[in-house]
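Okay, got some structures for you below.
Paired with chain B in one complex and with chain C in the other, chain A is shared by the two complexes that follow.
Right, the complex of A and B next:
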């Protein structure tokens, strides 16, 4: 864990991302432009944010409600936030608090997060349906403007991905509280012995995950300009896959925010690459799974070698 | 719909009217997948994208990206609301009205009707239902005694109809949204009630059942549907736009009718498990465009400028005229 020697295992997300990116550029040189990069990656921004949310929970657990939660946020953003901004923000804040309370509950009663979040996914999904029985809604003007902004030098998608990676890295890997949060996954007892209130920490972790979920929902509406009760249903699996692709593990607080953002980008890149190769979308989900297995296999090889050294 | 697309675009590609007409599908009916697909198609440099949208609104972001990149977007069947896209639809309101008209003709002395609705919340379901409601106002003797949701699926319909049948009076006719008729018939047969007049669609299994009933006991009805041939209208519209023609943004495609006397012939040409289709040739589509232009001219005031949002297509590079 020293800062100077970077193990090949940690470089793996970057390597797999680069390989796919080079293959994409080789197949479709149009992608290698300001507009091309934006088209390639802009729809991944909400997934990347959801992936960071998932990563926070995944220091020692897993969150199965990400997709439903982001969908609910998107429904609120595209209806309530447009019509009554104050009420909308209040509802979003309420959702973050609910997430935090969930974390505290999970710790207080020693519930398995996988079951609680699975149950919550039905509650979020039901609320989303109540708010929005049929797909529709519009994006708030400022949000649409934000997601279609054309910054100089690099396109919005790239700038946003860099910002998310940097912010998440600073928060989780560099800040004092981030270290404690990762400690929860490593050895929560020693964190407790050091004088931290565990239920508070759990609430903080889940609350932060909720914040990232809300950000994911906001950016989603800004990009798609509308929403529906199941608009982000694929995000649960995508976010878990993104964390794993990025070098994270379910336990021990071993996570990598930069890797997770790269993981999310890699997954969507795999989809585009297959489309450019004229491979039927019926195979795409399978192919994304294959990428996941390949990267995991490569990681296993590196870990073995590290252990031998 | 893919079969219709491939059968008819292949000759167009061969004769060089268009350079290529590749078809893409999505695994699940998710607008998010479709949006990503549109963005990939822009990157691949297609001049036009013809799309049956999974959502009327959730693709607008991606469609706008396409328009900004100079790509012509033609949505059909499932249309998008983005103003820059062309919209080609069936008149679902008319579909609802025609069903009621047929029932009024069959039952001039009044009838009890059962309405099978489609997928709740879709504009198709809303429009069709509204058409039925509007037309019923002209026929006070026709009554809708119950309404169930069939989600456009045979099995869901069968269950839903079977569920309400015991509580219903005698049913003379069943209105539906295409694709539910066989499920309705199954439910009625199981309940041993007299078979009502069911409006059919273009599905082969429905037509075959109808023909069999006709042979056995002279059963009569009509089939109304939105045939997959609408994809071909969209194809030719895209081709005309790329060729520089000024095409109105909204086009309505007529519904496909199969009447009793046409049934056996249509059925003979429809493969098992498939649907009967209406062929739209380039000439048909040019006629549709002309009609739309005429109605547009009739409805707009002479002093207002003709539709200014009509984007002139700058990149007809791949276009080769025959």
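Right, the complex of A and C next:
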């Protein structure tokens, strides 16, 4: 037998997403349109990108600086990149390199990533405040145009989500180097024994996560057309929740990029659904948490059942 | 190159020393490995075999001495391959993906297809009829299947050619039939000019495949001869253990007068599948690897122990075979690992009694011979066999009347095995019940009663003189005819 039957556990991200989507459509028929879908998922694009960045790190670590990092990128994009494009791109490239260096350092000195990234989140946040003490700025014209493009058939938000999921799947699940990076999470000793330089691989992982963080910041500014030093501060927890909702685990390199994008979509859908149900925004964060716990409980049940078979 | 060698050596070590801090792991070794030979490397746990392996394959640099090689050594694309005792695949990847990690030239579109083809070819060559799904994630496969994949990756061409393959306890989780396939393949590989270093505690296998046997003790080579110049006793002598034959099952049972295993003693375990055990009895679970023995044990153990509170008098204790997965706590010290099972009993108002814990540690260190100066050292500082001893001590130190053992002797050397056999026998005579799953016939023959498993069910129950290799093998294969 070469084909595997897909276990219900793997389908869970799709199932939970579908359930919420159907519920949303039932409550608000107008969401079931080109414009409606775009409004529903527009703001998820940067979250989905940040979630992929988080997923790369979560192959064997966790990144608590995603939110601050994306905010800093957004600040640079909405100021420096508009005024001095070259300098702006240079700064963004520098940020990616800094992320890569961080990965190499974390491996070289066996530092706990959770602590290093928590510390870095304050540095990113501080830099963002220096660049942009008060919210404001504008979006580069081309970026705004890109994010408001209206492709035929499906709205931009849906197309972008599909593109992100496909690209991340190819990179992480299908490509050779993605396989090695996942192997790093599964058993780093075995990867080292095969002759790989681990510090290089860690730098690559973090560098790639940095690239996705930069993409998240870019799309964020394209959508909001402005930014602030804490514009994306909720992304840290949203991205972690997205990976978990998508069937990923904190350790062992068991991740699913498609699931993670679905997880990010599910989370923002949960917010919209609660709004349609006229639940006060005060309760929304808590309700999102409840959705997360529900999905995790369902996953646990499936895992238990699989273990028994 | 060393010109004094008649045949060009694959690897030649001259006066090699390796020191870790104050510890001399390798203390002056000269060793030449030539094409076409299979070298059996034996020595008890901690003799320095693993360090020697890592020097040969280029992972470690010698502190002193020279290592010459005319093949690619170390790094990716190495012609020297090592298959390690502890399973070292990436569990979250498939067999094909694991091959990719060790394969320097597998690139570009379609690498998955090529990787799958290469690993399947290699598996087919070494283990014909293996039936392993190479696209399944490794952690969904059995330990035996994982070991088979690891061996196949070791022999796979990987963009070059394997010239020297070091197998460290390769058969410890394979059953007899599959181990035989491996031994046959090793012979073919050597006949075609390859070199194999075969490390095993199963001396029968060493005699079966090795053309030369190298005996190590305390970081030195203490004997090196053609394998026909050794016999079992002289080899065990050379390893530094007094040759002590396990009393054959029958002799022992006669001598014992069946005080403990008599039909009179009370049945303490009985499950729906037909597994049962009496007080003071050693019950074996045999059969081919992966036929439901481990599952039967786990079911029994969890049914008997799961609960919200750890009781002060546990009903069962467990000795793990897969140390890394369900045995050691790698961040803890030796002592903490050992005392884990007795914490509820030794606790004083919820706090651990440190003095009693230390006493217990010293007592068991002596009883079971854990080789370490300081029980406060991390458990990972011990060799595999010594870690296993700690797990035995953990289970035996508890007051549990039933001890469940899931193939606990994997990678344990001959001397230690004899010590543990004696310990188990003594504990059973004192009234403890043992449930013992093993893939080795020698161990199964230590039992009073044996259940043979096949396809998840008990296919035979043997006791007394019926327990022998033929009967067990017959019961393992019996139903296959239908």
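Convention: the second predicted complex is superposed on the first by the 305 of 309 C-alpha atoms of A that agree within 3 Å, B and C clash if a C-alpha of one lies under 4 Å from a C-alpha of the other, contacts with A are read in each partner's own complex, and residues count from 1 in each chain.
In this text, a residue touches a chain if its C-beta (ideal position, glycine included) is under 8 Å from a C-beta of that chain, and two chains touch if they have at least 3 such contacts.
Everything quoted here is computed from the prediction, not taken from an experiment.
A.B. asks: Just from the overlay, do chain B and chain C fit on chain A, or is there a clash?
C.D. replies: Superposition check on chain A shows chain B and chain C fit without a clash.
A.B. asks: Quick check on the superposed pair: does A:35 touch chain B, chain C, both, or neither? Answer first, second, both or neither.
C.D. replies: In the superposition, A:35 touches chain B alone.
A.B. asks: For A:193 in the superposed arrangement: first (chain B), second (chain C), both or neither?
C.D. replies: second
A.B. asks: Based on the superposed arrangement, let me know which partner A:254 touches: chain B (first), chain C (second), both, or neither?
C.D. replies: second
A.B. asks: Between chain B and chain C, whom does A:152 touch in the aligned arrangement: first, second, both, or neither?
C.D. replies: In the superposed model, A:152 contacts neither chain B nor chain C.
A.B. asks: Between chain B (first) and chain C (second), which, if any, makes contact with A:179: first, second, both or neither?
C.D. replies: In the superposition, A:179 contacts chain C only.
A.B. asks: Residues of chain A touched by chain B versus by chain C: which partner has the larger set?
C.D. replies: Partner with more touched residues of chain A: B.
A.B. asks: Quick one: minimum Cα-Cα distance, chain B versus chain C, in the superposed arrangement, integer Å.
C.D. replies: Scanning every C-alpha pair, the shortest chain B to chain C distance is 37 Å.
A.B. asks: Taking the two structures together, which residues of chain A meet both chain B and chain C?
C.D. replies: In chain A, no position sits in both the chain B and chain C interfaces.
A.B. asks: Sort out for me which residues of chain B touch chain A in the complex.
C.D. replies: 22, 24-27, 30-33, 35-37, 39-45, 55-62, 64-65, 69, 120-122
A.B. asks: Would you mind writing out the residues of chain A in touch with chain C in their complex?
C.D. replies: Checking each residue of chain A against chain C gives 1-2, 4, 174, 176, 179-180, 182-183, 185-187, 189-191, 193-196, 252-254.
A.B. asks: So in the complex, the part of chain A that touches chain B is made up of which residues?
C.D. replies: Chain A reaches chain B through residues 28, 30-31, 35-36, 39-40, 42-43, 133-138, 144, 147, 223-228, 231-234, 268, 271-272, 275-276, 278, 280-282, 284-285.
A.B. asks: Looking at the complex, which residues from chain C come into contact with chain A?
C.D. replies: Per the stated touch rule, the residues are 59, 74-78, 82, 84, 88-93, 97-98, 100-102, 104, 106-107, 111-112, 133, 135-136.
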